[in-house]
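Per-chain numbering from 1; labels A, B and C assigned in written order.
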């Protein structure tokens, strides 16, 4: 394949794309899991728990992601036990630390999105379910959480989109993802427009498919939407 | 009678998709008249009044305001609308402006009159609707009745020859209906030309010159209040009147 | 850590100025304020276009906004970095490249915020203004926009905070802003990254946190004054 770029450059680019997708997938799964934990911890009665979650969220919302990434890359290894540090340096430390930083940053926002979804469910829904004889867990599982997820879905999709785009920040600490590879090839060939054009199209494909997936999910999660369209 | 016609509908039709909301409407309103438009919900009375200042387009037919074809292509709607006041069911005061600024908005920003002149006029109008002391308040602090009276003052600020009311008391709590009707009656007695979509039958009887009854987009009855209330001969009018009076 | 602050606080605040170029926090704030000010009118125009009566205008503006929102800011910065000099024929400083990219990027996001605000103003407000004889632009300027912008003040605030944070990406094209200054200090000290990056994070945190709190206070007080609470 010699279309637009020589094959070795295509290989570099797709290697970068693979890293971008991997980084996004790992960071997103970590972020979502952590967000759920944060929401549950925040909901407990202990002031220390609430306070620490709030502090965690405030830190990640008010400090630039690039600085968070740099913090993990330059500063955090100092705090880690020697064993873990050496293990990291043997196992693509840039990638691991970038994934951690991206996951933590996105988790803070996702936790807030889920929490506002939960708060949007009127207390009467909870009372109605309990009045029908549902247990606390049943009420949460069948009544509250499904409604809350539906409300949180659009902002969560938006967060996923941002996370996908923000993986490009990992290039600043040398993770060889798509933006990094793009710059590398540009430096090599000065074929600026072609290489940046291709990278841009690849990013657009990624974000647009995420958007499409998001709206498919939203359609599926909204029963009765079809009927309303006809009315 | 030498009174001049100010609003004239001539065979006006209007559709929403397949549904016809105005059906061959022809009627005239003369200067100084107070016309009450009533009818069951969905009868087209709100649509009718909203076509007069072109908030709603018409399908065909002709509609003139003071001799100007409202829905003709070249008509300067902004200029036309300055000569017809409109009072909404939901008041629609501008919540980000004080009461005084609501009333001076059109004179200052549309008619380009001086602030001093506009404020004198506005304070005068607010006094007429009994709200002189509220000039500096924001609409959010006023009751529904007070907001509607401000809305009337705002509509009067352009000194229009005719003023339209679209169910001005329907959104009000019952205890506030009286204060708004009082302002409207005072206006009527001063000789203002008014077209009011309303179910306030007391108002129609007391100051109305004519009552128009609409049903399914047609003008069914166009008569005097006395005949309308005391000798209704149309079955739909009878049913309507008994519904409004709460007789079942 | 206190020692670093004592020795380098001027670098963090204003870079090498007055002996060299202005940088540090001052530069960060200048870039953020300039970008948001420039993006604002563009965002308003795009929001109006997206709600316009003309289908082609709606489609064109939606396409452009989604295009910008679909690519990473870093990509946009590189585009500006490479394309502006080629298009204009002049070498453009990193400062203007960053301001340009941030303006475009923020205009796209801000236009969505403002569009939501305009859509949330009840239809009756437009009808009232039009009934008084107000034209499209007077209705927009006098009635719709003041309410729409006020309603989405929290969204505008958070967009502004985002912009402040995004200026840090200027580091990648060597714009002399706060993150860049911190990295310079880090390179001088070599052995104290934990302290340097803690200071860096703390400065951003204080700036953004105080700003968002302050602006939401301001909003509450205006709401109270207008009887909207």
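One rule holds in what follows: contacts are C-beta pairs under 8 Å (C-beta built on N, C-alpha and C of every residue); 3 or more make two chains touch, one makes a residue touch a chain.
No experiment lies behind these values; they were computed from the predicted model shown.
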Exercise for the section: Please name the chain that ends up farthest from subunit A once chain centres are defined by their CA atoms averaged. Expected result: B
Exercise for the section: Report the chain closest to the protein's overall CA mean, measuring from each chain's own CA mean. Expected result: C
Problem - Centre-to-centre distance between subunit C and subunit B (centres being mean Cα positions), rounded to whole Å - result: 46
Fill in the blank from the handout: CA centroids of subunit A and subunit C: separation to the nearest Å works out as 22
Problem - Distance from the mean Cα position of subunit B to that of subunit A, given in whole angstrom - result: 55
Practice task
Spell out, as numbers or ranges, the residues of subunit A touching 2 or more other chains.
Solution key: none
Practice task
Scan subunit C for residues touching two or more other chains and write them down.
Solution key: none
Exercise for the section: Over in the complex, which subunit A residues touch subunit C? Could you list them? Expected result: 58-59, 61-68, 70-71, 74-76, 78-79, 165-169, 171-172, 179, 182-183, 186, 192-193, 196, 199-200, 203-204, 207-208
Fill in the blank from the handout: Contacts from subunit C onto subunit B in the complex sit at residues 122, 124-125, 127-135, 138, 142-143, 146-147, 150, 225-228
Problem - Contact set on subunit C toward subunit A in their complex - result: 67, 69-75, 78-79, 82, 86, 161, 165-169, 171-172, 179, 183, 186, 193-194, 196-198, 200-201, 204-205, 208-209, 212
Problem - Residues on subunit B engaged by subunit C in the complex (per definition of touch) - result: 53, 55, 77-82, 85-86, 88, 90, 92-96, 105-106, 109-110, 137-142, 154-155, 158
